[in-house]
Every structure is written in structure tokens, then in C-alpha cells.
Amino acid sequence: MAVPVSVYLLFLAPTAALLVSFFFLRPYKPGWTHLPILASCAVVSGSAIDLAAKVYTGWSLDQTMGLWMAAGNWSVSFGVRIDGLSSAVLAMVAVVGALIHVYAAGYMKEDPAFPRFFLSFHLFYLSMIGMLVSNNFVQFYLFWEGVGLCSFLLIGFWTHKPAARAASLQAFVTNRVGDFAFLVAIFILLKTYGDTSFGRVFELMAYGGGPLLALVGLLLFVAAASKSAQFPLYFWLPDAMEGPTPVSALMHAATMVTAGIFLLARAWPLVAFVPGLPHLIAAVGGGTAVFAGLLACGQTDLKRILAYSTVSHLGLMALALGLGRVGIAVLHLIMHGFFKAVLFLCAGNIAHGLGKSAADISETGGLRKSMPLTMACFTAGALSLAGFWPTAGFFSKDGIIEAALEAGPGWLAMALAAAALGGFYISRMLFLAFFGPSPEQKPGRCHEAPACMAVPVGFLALAALTAGGLSHGIGALLGIGRLSSEESLALAHFSWPVFGLGTSAAVAGLGLAWFATMARPSFDWTWRRRLPWLQALVASDFGWRKVVALVASACWGLAEWIGGFLDHRTWDGLIEGSVPASVALGGTLSLKSGRLGDYLWWILTGTAVLLAAVLL
Amino acid sequence: MLTALWLVPAVGGAACLFSSRKTSRLLSAVFAAAVFAYSLWLSVPYTADAGVWGVVESGPAWIFGIRYHLALDGLALSLVWLTSFLTVVSLAASWRGSFSAGFWASFLFLEAALMGVFLARDLFVFYVFWEATLIPMFFIIGLWGSEGRRHAAMKFFLFTFFGSLFMLVGLLALVTHEHAVSGVWTWDMGALAGTNPQGLAGTLMFAAFVIGFGVKIPLFPMHTWLPDAHTEAPAAGSIMLAGVMLKMGVYGFIRVLLPVFPRLSWELLPWVGGLACVNILYGSLCAMQQKDLKRLIAYSSVAHLGFCLLGVLSWTPEGVAGGSLQMLNHGITTGALFMMIGFLYERTHRRGLADYGELVGRAPWLTFFFGWAIMASIGLPGMNGFIGEFMSLAGMARALPFMAVVAALGIVLSAAYSLPAYQTVFWGASPAGSASSKVTDLDAREKVLVWLLCGLMLYIGLCPTPFLDVLAPSVAALVPYGFTP
Amino acid sequence: MRELLGFFSAPMLWPQLTLASGLLCCLAAGMAREVSASVARLLGAVSLVVALWMLMFTARGEAGPLVGLDGLGLAWQILFYAGGLPVLLSLDEDDEVPAALLLASCLGAGLLAASSSLLMLFIGLELMSLPAYLLVARLPAPGAPPHEAAVKYFFAGALASCLFLLGMALHYVASGSLALSPAPGAMGLAALALMGAAALFKIGVVPFHFWLPDVYESSAPALAGFFSTSVKTAALLLLMRLAALGPAPAGACLPWLGAGTSLYGALLALRQTRLQRLLAYSSVSHAGILVLGVGAWAAQGCDPASAAPLFFYGLVYVFMSNGAFLFVRLSGLSRRPEIAGYGSLRPVHAGLFGVLLLSLAGIPPTGGFLAKLLIFWETVKVGLYGPLAVAALATLVGLGYYLGLIRDMFFDEPKWRPAEPEKGAVEVLLWVCAVLAASLGILPWIFSSALGRLLS
Amino acid sequence: MREICFYLAGAGAVFFSALMLFQRGLYAGAACLLGALLQVGVLLYLAGSPLVGFLQVVIYAGGVMALIVVAVMSAPADDRDAAMWGVFSVPRPLVAGSVLLLGVELALACAGGGAPGAVGATGALDKTLGNVLFGPYALATEAAALLLFVAALALVSGPQRRAR
Amino acid sequence: MTPAVQVGLALFGLGLAAVALRGRLLAMLLGLELMIAGVTVILTYQAGVFGDPAGLAAVVLIIAVAAAEAVVGLCLILRLHHAGLSGEASSLSELRE
């Protein structure tokens, strides 16, 4: 099967751009580092769209490209798989990522470490692209970890900030917990089938697998939960806001957090194989969606609100997935990419306008006058997030509600709660940031973003409003070269009850937000003062952060105990102590008198012992 | 001419010893480079021959069944490469230091002894070279190390000698056992392979070998010499110590223990493999709380060698190949890390984590490369460390899945001990009185060296097949002895 | 009369006769006023070398009730004479008497090797020991308390001789002959134990060893080297002869005795602050390994041909120990701390000593390693794992002080300026000893065939 | 008769030895030893080896004892006092006793009679002794002679040697 | 065990006791002589029993050797005395451990 040039370009363009930038531009023209990278983004986007178009025509590709490692009859290969799932997500990631690149070029222009930023940024992008087109689990893992590495580098990009360092470390280590699960899953697959390519594994699954195969789905879910910030392991994502805003945008919209959901969608046959696991995923996802939505309502930092909102939406995707609606989950993933990118970039615009790296709600307000474009774009994103017809968010969120409705009232309640909460927190943010009362300082101080930042935001806002039109196309795309069952990939059909439920939830959220911010401007601050325990509860994520801190400090304490007390003092001390001990033993054994008489007595004793030994 | 591989450096060492300070440095470089070139050239006859033992060299029979017998297979070849390469790197890394002739000579002597270990096919010859490695390393640590060098050198020698005694007794018992069975006195590894002693005597022999090789690896709980030795050794010494000398233990497992005791090593896999798992977890946990960069890397070596051993013990092609490759990988990666710490130490004479901070601004290249090597060390896919660990654990997962799972926890811990240290030193705020102000970025010589090593890390990470191909015949020759499920 | 002459023409005694005539020539030359003592000593040394050379032509066999030379005795004479050479060559006093006494001592060892009767064994032992007592008094170490060691040595040695005599008498009572033939009954066993005690005393096995460090410490270094090699190996031969006499279980305690001795010696050496005393305890430790080897040899049936490991150990030890004591002599060091930094003052001498220490410690590729390996191997062959473990532990402890010396020599800064060492014979001897001690580990094929011929 | 004589001499030897053990003074000890050695001489004589007995008496009771006396006399001054005859409490009865005992034994021995059962009295051995010593045992004899020579050397060469 | 052997053993034992118990070097030397005398008794009588002239020859040689030994011992003691040291064994304990 011929591999189209576009596939090669997906890898070659970023690699070439990185090499050129690293070796030639960074040392000599650091200000130009981004140019080849932006060009590469364009090439990648073009290739991705080209591939999506090709796939739309019914073409798909699963091709082994080369041997990675081999021993005996055991081997792992490189390969690409371009099918409906990968091409749809790839197109979104490529385009949204490219736009964020453009934005970042403006946003980070002044930073002294601009080249370092851009190189890491593009590597991040490359890793995600590579992951999407992988045709086997090991290669997927390669890029999966590459994403993790870049997130480490970028979250901690401002190395001088202790919080950034801590957040990047936390992100990486937490992700490694998921990586551990992923790795174990791969080992089980290798042990069972001797192969990890998606097509082959799912094919062989029909003939059954070992008892360990049931674990694979679970382990993959753990991996996805760490990457896609599901409940027990979500905590790194809000903290990851310490990175520069474009990083957050890229991470939330395109490159990182979607990886987990994508993995589950990819490996859906494995997940569905385990009885009960889909419902577990749905429960965790729904729970996370509500949990994070509640927390998002209590945040004050613009980016943190968005971060919790991402967690909540990832939960919704997991909910859809768990209910067997992979297509809807992927659709929401794509739509979420558009509107979340716009929201983040707008938040970045605000911070940039304020001349800060992050902005708090208390510092903003009334920005509609000074930043009209940003306000417009943000509104578009917010509407999309809240799921108002006919924005992009509507199409996917309706699907989720429909899926929940079909599955049962409990699931429906979770989905609706998450939707209502989404409506609330995003409207609250919109009102407080743009419409609410200005803080003391003059709003005029704030300025609109420059063109290279505004243009991508505009495009993304447009997408957030209109991408819903693509949903049928995406639905058709997903079916091509599919590995999962047809019904799991089916999208929702419009129905009035669902429309009514979803829209009313969003409206309820919006109304409540208007009531809590515009009607009673002081409410948002006063409850924190009146109910300090509630404030504390929100700050600690309903106590979960404390649990995490406890676990971390327990691990650290264990390391201290083992490394310090057990290893160094006790065991090594024992070994080192053997030297003085043997010297002392020699001292006890020595005859200190030095008298001839004693010598003779010892000789006689020895003789007597010998005699006794011989005779007795 | 395999003899040349150890004789040339030995002669070179002697020549260095008796020449002046300047000349000896040059001389050592010439000899080391020649050996390296020769070791690369050796891959030609090696690959030309289809057999497992590409090049064999055998002397006349000696006393008591001992025979001077050297041979080169893929595994040995890869380690010969590593040795000659890291010797060149070590010498180049200490090029600017003011060392006496003995320093340069010691490295050549060390190279000679290591070559002998990897080439020997006769257990007696193997043991002689095995022990001979201790002498130059003793002097390297003791003469050119840092403050605690006297103590560390003694501890290193005594501790490893302790293990060697077990190995010696095991060897004697094995040879005697073989004589009792076959009526032939032989020390030849090939002849002893498949001897397969059983019962209590066999188990005791097996245990003696495990201790003998385990001390070198170092296998928990025989590891406590390692942090001291690595920490106090000069940078070049640490490179050789971690880069090559630790591999001797795993090499002994592959070369001697597994072929000789196939059944016992399969039956006792839960015990030995369990120790390797403890190595991984315990080493990582110890590394987490170290305040000294070199100690930290040293403990990380404890963990990494656990992966090697697990792979080798799995008796699967991928496990053995992965374990073998991991030896190479660990040599390159840890060698690079110790080298860079050496560069830092050269500038500031400090090693504490708390002595540094904010190096990213002062020494961007160093930051970049150190991060690179750290990533390779924690097994990031795309880097060499991943290939070794992945293949080892994949092999172990086929043998004893539970053990692979426990070992895989090490990848979480590796991030937890490496990255905080990296952040503290290179990213974090520079504390009061820190040595950071004295740090300058890498110069051209240092950069070339680091590029070489880091390039190899990436190359092996993405394209390990050339190396795996070299290893393949040895792996294929070993695995049939095994009792794979 | 014919018998009398036949004796001295017996070819198995030529080396001994050479030594005897060398002894007389040496004394005669010393008496003459116009001949300097060095010439007299040279005559003695020549006679030793000639005796060594004559071993090549010496025939094996019995001659009369007293003389019987087998491969063992022949091989061991190499050790005695080679062990005596360094001290003879390094004497520098203007006196021929010490040289004569040394020759007498070597002659005694030689007679011991060639004897097939307990009586001759006893006389040989005494002829070896009496000059040794005198030499301790005659050639004391610088700064040693006068006479103390000699007196201790004499009284302990005389007591051991008396024990041997009693054993001999009991053996005679039990067997009716003084020949080296087994004596039946409990009395025979008792006799064996008494004579064994004397042999163990001479070897310096715990707890018969207490005289040994005192004597080695207060003898001139080269003389201590002689004691630790020739005298010790002669006693070892005596022990082997006795082990061959006894029933198999009689030798059963030897491995444990030997292993215990090696560990004891090592532990005590660890805490010594005087170099010669340290080396003395190290020699106790080595003697323990040798006795362990004798035990393994006895357990294999006392076949002379399988004594090769013991011989090899003895041979290597001749060079290692003599070399180490010669270094002490050459450097003029007496207290252990004084050795600190010696490596930077006299790198060559320190290097040679380092090689000797590594050999003593048994690190490959030196001769000490191969020697130790062979002994250990013998114990493995007979399954004596318990004593072997103890001996291995002793090796480890031993490494502690040998390596400690190397560490102090090379890793420390010199705190003390030693006297300028003399050039000449001692330095050359040190070189020879070090080179041989090191190369015997990798060159034993030179000996492998010759040794087989010698012992079989 | 000879049997009585044997037991008498044996008891005498043991008695004098035991007496020696408890002597504080050196001269007294030496005298006791002398007594014991003389009794041993008698024992050897009784064993049918008058030559050996004679040698025993000559070498020990004669030569060696003389040397011991010299050594005692050369002891440092403060030490010598304790070893003086004056402190010697049992000399006269002891000397008298030993002389008396010797006389009785000689008389008994001369009185003849059968050899005691414990003794294989063979005077013939004495006669072959020379042949043995200078025949098959010549080497041992020579070695012993050399040993005596060495001992002489020990006495002749003091620690300070004549200057050349 | 004939009476002669018993007498010899007794002499040997008493000599041994003297060596082990007496603190004075000369007294110990006397003990040594006594031990040797005991051995000569045993050997002589046993030679008679066996009718073996070699046994007698051994006795003669032992006497000679013992004499040489005594001479050496006395010589050492004399030197001690010359050096002004007392003949007490316990005074010689400078070398120890």
C-alpha cells in the first residue's frame, strides 16, 4: 500500500523545522526560531486536512514503516494508521495547534527564552501528531511519553517560579503513574499476543485472550485517567496553569489531555471486552464532570476556572465513552478543542493585556470596553462551551445528554448537572471578566492584543461557533477504517427532548450566574468570607488535594526512612562496623601478657587438646 | 588477535607509567584511541562469521585444565566497544586535569583488565581479569578521588573482593563437580555450560555465583559499596565504574550463571528476580533522598542494573537482548551523567544539590544535555534507556508477569528521584553562597564529548536494531538453555 | 667403613654435603685473617646455589635406615635453600658466624627433608632450630629488646623438642622402630599427637604460635624472612611426614586448625602497629592456609604427587615473604604509621612492596593468588567447605591490612623522611622477589611439567 | 637384686626430680637434678647399657652441670644472693643421701642376680653400638657432631665480635 | 607399659612441671634436662626389650643433641646475665600482643 507524502510530511516537517531552528536559528537568530516552525505547522495542517479528505473518500492506511526493536521472533515496529478516528482528531489537533502556534509567536515574543519555548512547543505538537497516527501501542507510548516530557518542559518553562517547577514535576510524575499502567498493559498484550499493533490485537482478541487480558482495559483506563485528568489523578491539570498561556491552550485543546480519551477510543474493543469497565469509566467520568464543574464555580483565577472546566468536559467525554458512545466522545473531543482553545487564548489575551502571566477575576472586570474583540471571541467560546444552539458545543453535548438519557436517569442527572454547572461557571467568568464591575484600577490600562494574537483567536472563535456543521462529516469519517463496532461510533440524532433538557440546563446555569454576579455583584466575594470552611473545601478540591499531599509525603517519608535510616545508617553502618569489630575481636583474642610462661602453657594446652582429640 | 585488545592497553599503561606527565597523557590517548579503533574494526571479522563465536583465540592447555582461551561474540563485542569507547571518553573528559602519569596509566590498565573479562572463555582467565580490574580502580579512587577517597577505595576493594571470594569458591566447586561428573578437568565456559548442578550443592554453588556477580552489579543487599565508590571517585573513574564495571556482574550472569545453572536459575528466579526488583524499588527510594548528585546517580545505577538483571533472568530472547542492550545503554547514559557532574565539579568542587541553582541561565548547554541524559536515564521512549528497560521487562512479563509489574513501578520512581534533583540544580533558585556563580558553560571539547554520548542515546533509542543484531546470535545461543514457558 | 663411605657417596645427599662443606669453608675463610667476612659469606651463598643446582641431579631412594629421599623431600629442599638465599646475600656485618649459622640451619632443613627416620627428623629439626635461636640473638632488629625473643624462642622451641622426643619414644615403644612407619594403638596415636604438636609449634599454628610474632619482630628483617620461609616450610614438611604416618582421621583436625590459624593471624595482624610484627601475624595467617592445605592433602591420602599445591604455595611464599621483609630492611621502617606517603618518596620501592602485598593478599594475577587458589581447590576437592569458608574470611580480613598498607603508602602525604636506602644486593633481591612473586601467577607452566616430574 | 636396685633407682630419680621442683634456690635445684641424673645413669646401667649410662653421667652430670653452675654464678648480683649455698637448706643430708643411695645401688647391682622383668638385659647391644653409630647411623652421628659444633660456635662467638 | 616407661614418663612429667611452673629460666632449663633424661630412660629400656642397637644409638645421639641444646640455652642465659638482666622469665615481656 502506498504511503502518501502527507504522512511523511507529518513527521518530516516538524523534525526538519526543529533541527533547523535548533542548530541554525537559535544560536544565530534567536528571534527567528519560530519561522520554520510556523511553516511546519502549516505543512502539517495541510497534510492533516489532506489526509482527512482522503479518508473521507473511503481510503485508510495501516502500514508498518520499519523495525524498531527485535529479538528472536519478538519485535516491535514503527507504523502509521490513518483511519477515520485518527484523521478526524488529527485534523483538529493540527489546525488548532497551528493557530495556537501563531498566537504563541506573539504572546512569547518578549520572553528571553523564546527559542527554548518554541522548540519545546513544537516538539509537543510533533509528539501529539505522532501519537495520533501510531498503529501500535508501543509507538503510541513513545509519543505519549513525549507529550509528557514536553508538558514537563513547558509547564515548568518559567523555571524561576517555584510553583511552575512544582507543577511541572507533579504533572510528569502523575503522568508516569499512568505510564506505568500503560506499560503494564503493553506487557500483557505482548505476552498474550506477541504483537501490539491495534489491528492485529483486536483481530486476535476474537480468539480470546489470557486471564490477564481483562486487566488491559483497566490499565489503559488508568493511563487515560492520568493523561486526561480523571478523578483520582486529575489534580496535576489545574496546577499546570503555571505554564505560559499558549501552553495551557495547546495542552487543553489539542495535545495532551485529549490523548487519554483518544487512547480509550482507539482501544475501545479492549475496553469493551471487560465487563463492567465501560460503566466504571462512565461513572468516573460523570463523577469527575460534576466534581470538577463544582470546583470550577469556586475558582477565581481565569485559567484555573478553564482548567477545571476542561477536567469537567473530559469527564463528560469519559461518560459518553463509558456509555458506549465512542463517536460522541470523539466529537466532543474535537469540539471541545475548538472552544477551549479560544477560551484559553482569550484568557491569555487578558493576562497579556494586563501584563501578567495569569489573571484573577478580582483584577478584571469591565474589559468589554478595552478588549472588545477578545470579549466577542470569549463570548463565542463560552456559548459553545455552555452548549447553546447552534454553536459547536451544542452538537456534541446534546449527543452526550442523549446517550445519558438512553442509559438511565442517574447518568442523565450527571450529564445535566455537568451541563448546568458548565453554563454557570463560564457565564460567571464571562460576566465577571468583561461585564462586571471594574476593580479600582482603570480598565483603560488594559489593551487589546496585537494582530498575530487576535487573528488566530478570531479564527478559533469562528470555529467554536460553526464547527457544529462538521459533525455529520465527522460522523461519516469516524466509520472509515474503524476498529470498533459501528454502533459505538454512531452520533446522536437531533431530538426535541434532548434539546430541551440540554438548553434548559445551560440556561439555568447562565441565569444563576447572572444572578450571582450581575444582580448581586458582591455575592462572589462575600460567601468566601462568610463561609470560610466552604472556601477551604473548594481550595482543597473537597479535600482530595490533602489526600494527594498525604500520599506524596508518605512516599517521601518512606524514601527518607529507607535511604537515610535503613540503608545508610543501619545496613551500611553494620557493614562499616565490621572493620572496627574485627579489630576489636583481634584485641580480645590476643595474648596481652607477653610472658614466656603463658606461651608455654598455651603450647601445653594445645598439646593436651591434640592428645585428647586423637585419643578420645 | 584478541590478545591485542588487552595486551595493547596493558603495554600502553606500562609505557605511561614510565614517562613524563605530559607524554603519558598523550600516550594514553593514543593507545586508547588505537584500541577503540581496533575494537570497531573487530566488528568486521565478527559479522563476517556466521557463528556465535565470531573470533576465537585459544592458547595451549595449561595446568589443571586451565587454558588461555579468548573469544568474541556479539555480547562481548558490544561490551568491548563500550569499554574502549568509555575509556576514550574518560581520558578526554579529564584531559584538562593536572594528573600524574599514574592516572593515565591506570585507565589503560583498567581497560586491559576489563577487556580480558569480556573476552575470556576460560573461567580461570575470567576470574584473573575480573579481580585485576580492582587494582587500577583502587588507585583511581584512592589517589585522585575527593575527600573520602581513602575510605571509599578500601571499601570498594574489600567489598567487591568479598563477593569475589564467593565466586572463587563457587568456581572451584563447579570445576570439581564437573570433574566428578565427566572425569575431565576443565575451566572452559563452553564445556561447563549445561553442567546444571542440582540439589543442595548446586544451590549453594548457585548462591555463591549470585553473590559473586551480585556484588558487582550490585545486587541488593550488597550494594552499599557503590554509592561511596562512585561518589568519591574522580569523574573519569565514576564513568568507568558505572559505565563498565557494573556490567561485569550482569555479564557474569549471562556468560556463566545462566548457561551453567539453567534449571536452578529458572527455579530460583523468584528469589534472584525478587532481589532485582528490590534493587529497582529500593535503589530508587534511596536515590530520592540523596543530597549529593553523584550519590543520587549512583543509587539510580542500582535501580537500572535491576532492570538489566531482570531481563537477563527472563530467559526470553527479548529479555536477554534487552538486558544486554541495557548494559550498553546504562554505560552511555550514566557515563554521560557522571561526566557532566565531573565538569561541574571541576569548576566548583561541589557536588551537593543544594550548592547549585539556576544553571539554566548560566550554562544552557549543560542544562540541555543534562536534561537529555536524565531523560534517557529515566527511560523516556525514544531514548536508549527505554529500549533496554522495555525489552527487559517485556521479557520478564513473559516469564513472571508479577515481577515485571513490580519492576515497572520503577519508572514512576525514576521520575520522582531524577527530576526534582534536575530541577533543583538547573532550574531552581540559586541559594545563598551557592557555587552556581562559578559555573561556566561547556567548552568545545566538553560539548563534543557530550554530543557524542547524547547522540548515541538518541540513536539507540530510535534505531537500536544494529546493536540488537550484534547481540542476536549470543542471545539465540543462550536462550535454548532456558526453560521458558 | 664401607658403609660409612657409601653414605657420603649416596647421591641423594649431595646438596646437604655441599652445604656442610660450604659451612666449613665459610668458617675456615672467616678464621683466616686476610680473608674478609664477605668472601666467607659469598662462599656460603655459593654453596647454597650449588646445592640448589645439585637438586637437579639428586637421585631419589633409600640409603640405610636414616636416609630416604622422595619427590616431596627433593622439592621441599628448593624451598629451604631458596628461602635462605636472600638473608645470606643481604647480610652486611663484618662477621662470618651468622652466615655459618644460616647454612647450618639450611643444612638441618635439608637433612630433615632427606630423612626416613624419626631420629633423623629430630636431629635435622634441631640442627635447623639451634642456629635459629642463636641467630635471633645474633642478628636482632634495630631497636628490639635484646635477648628477649631469643630466650622465648629457645624455651618454647626446646619444650616442643622435648614433646617431639617423647612422641618419638612412645612411637618407638609402640612400633619397635624409629622408621617412618605407622605405629599401632593408642600409644601410636599419642606419639603422633606429641610429634604433631612440635611440628605445629614450628609452623606457628594457634595456639602454639605465641613465640612467633616476638621472634619475627625482633629479628633482623631478612632473618625474619628466612624464618617465615625455610624454617616454616621445613616444619610443614615435618607435619606432612607425620600426617602420612597416621591413620586418616588423625589429620582431620588439621583443616580446622589451619583455617582457625589463618583467621586468627589475620585478625591479629589487623591491629599491629609495627611492620615486622604485622608481617609476622600475616605469616601466621599464611601458615594456617598451608596447614589447611596439608589437611586437604592428608584427606586425599597423602600422595606425594598431589602435594604440588602446597609446594607451589611454599614457593610463592618464599618470594612474597622474603620480599616483604627485605622491603622492611631496605626502607628502614619499623612502625606502621611511618609508611604513610612512602609511595611518593620512593615510588619504585613502594611499588615493589605493593606488588608483594597484593601477592600476599592473593589478588590475581600474582603468584599469591594462584597459590591460594590451588590450596582452596584441594579443600574443595575433599569437600572441606567449613574450613574453607573460614580461610576465605581470613583472606578477606588479610586483604584489609595488606591493602591498608598500600593505601597508607600511596594515598597519604609523607609525614616522615626515611633514611636514604642502601643500594646493592638488597634492592636487587627485592626486585627479584617482587617480580617472581608477581609472575608466578601467570607463568606456572614453566613449573607445571617440572613439578610433576619432581613430585611423582 | 637388680630388680630391687631398679626400683630403688627409679624411685630415687623420681624423688630427686620432685625435690627439684620445690627448690627455691638454683644451686639446690641443680643439686637435685644432679641426683636425679645420677639415678638415671644407674637406671641406664641397669638396662644393660653401661656405656650409655656412662655417657649420661659424663655429659649431663659432668659437663652440663658444670655449665649450669657457671651460669648460676654469673647471674646478676642481687639475684645471686638468693641462689647462694647459704640459702640451700638441704645440702648436706641431700648429698649424703644421694651418695648413700648410689652406694647401695652399686652394691646391689654388683651382687648380681636376674634382670628385672621390666628390663631386657642384653649387654650385647652395647657392643654393637659402635658399629651402629658409625655404620648405618653415621649420618646422624655426623649431624649430631655438627650440632655440637654449632653449640660451640654459640659459646665462642659472643654478640661483640673481635674487631678485624 | 613397662615400669621403665612409667619411670621415664614420670621424669618427663616432673620436668614438664618444672618448665611450666618455675619462673626462673635456669630452673626451666633444669626441667628440660630432666624431660630428656626421662626420654632416654624409656628409649634405653625399650631398646633392650626389642634388642635393637639402633635404639641405643638413638639415645646416644639424643644425649648429644640435648647437650648441644643445653649449651645453647645456657649461652643465651649467660648473655642475659651479662646484659644485667635477671633470670626471671616474667621479666621478659616487652614484646607482647
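Think of it as A, B, C, D and E in the order they're written, each chain with its own count starting at 1.
One rule holds in what follows: a residue touches a chain if its C-beta (ideal position, glycine included) is under 8 Å from a C-beta of that chain, and two chains touch if they have at least 3 such contacts.
On a predicted model such as this, the values are computed, not experimentally measured, just so you know.
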Can you list every chain that touches chain A and also touches chain B? C
What's the minimum number of touch steps needed to get from chain B to chain E? 2
Maximum centroid distance from chain E, chain identifier (CA atoms): A
Grab the C-alpha centre of each chain and report whichever is closest to the global C-alpha centre. B
On a CA-centroid basis, which chain has its centre farthest from chain C's? A
Between which chains do we find the greatest number of C-beta pairs in contact? D-E
On a C-alpha centroid basis, what's the spacing between chain C and chain D, in Å? 35
Just give me the whole-number Å value for how far the CA centre of chain D lies from that of chain E. 11
Taking the mean of the CA coordinates per chain, how far is chain B from chain D in Å? 76
Express in whole angstrom the distance between the two chain centres, defined as the mean CA positions of chain A and chain D. 107
Which chain E residues reach two or more other chains? 15-16, 19, 50, 52, 54, 61, 65, 68-69, 72, 75, 77, 79, 85, 89, 92-97
Touching two or more other chains, which residues of chain A qualify? 590-591, 594, 596, 600, 604
Within chain D, the set of residues that touch 2 or more other chains is 136-137, 140, 144, 147, 150-151, 154, 159
Just spell out which pairs of chains touch, all of them. A-B, A-C, A-E, B-C, C-D, C-E, D-E
Sites on chain C touched by chain A in the complex: 151-152, 155-156, 159-160, 163, 186, 189-190, 192-194, 196-197, 200-201, 206-208, 210-211, 214, 250, 253, 264, 267-271, 397, 400
Show me the residue ranges of chain B that touch chain A in the complex, using the header's touch definition. 155, 159, 221, 224, 282, 285-290, 299, 316-318, 320-322, 358, 360, 364, 375, 380-382, 386-387, 390-391, 393-394, 397-398, 401, 404-405, 408-409, 411-412, 415-417, 419-420, 423, 426-429, 462, 464-465, 468, 471-472, 475-476, 479
Contacts from chain E onto chain A in the complex sit at residues 16, 19-20, 23, 89-90, 92-97
Can you list the chain E residues touching chain C in their complex? 1, 5, 8, 12, 15-16, 19, 25, 28, 32, 35-36, 38-39, 42-43, 46, 50, 52, 54-55, 58, 61-62, 65, 68-69, 72-73, 75-77, 79-80, 83, 85, 89, 92-97
Please name which positions on chain E make contact with chain D in the complex. 2-4, 7, 10-11, 14-15, 17-18, 21-22, 24, 26-27, 29-31, 33-34, 37, 40-41, 44-45, 47-54, 56-57, 59-61, 63-65, 67-72, 74-75, 77-79, 81-82, 84-87
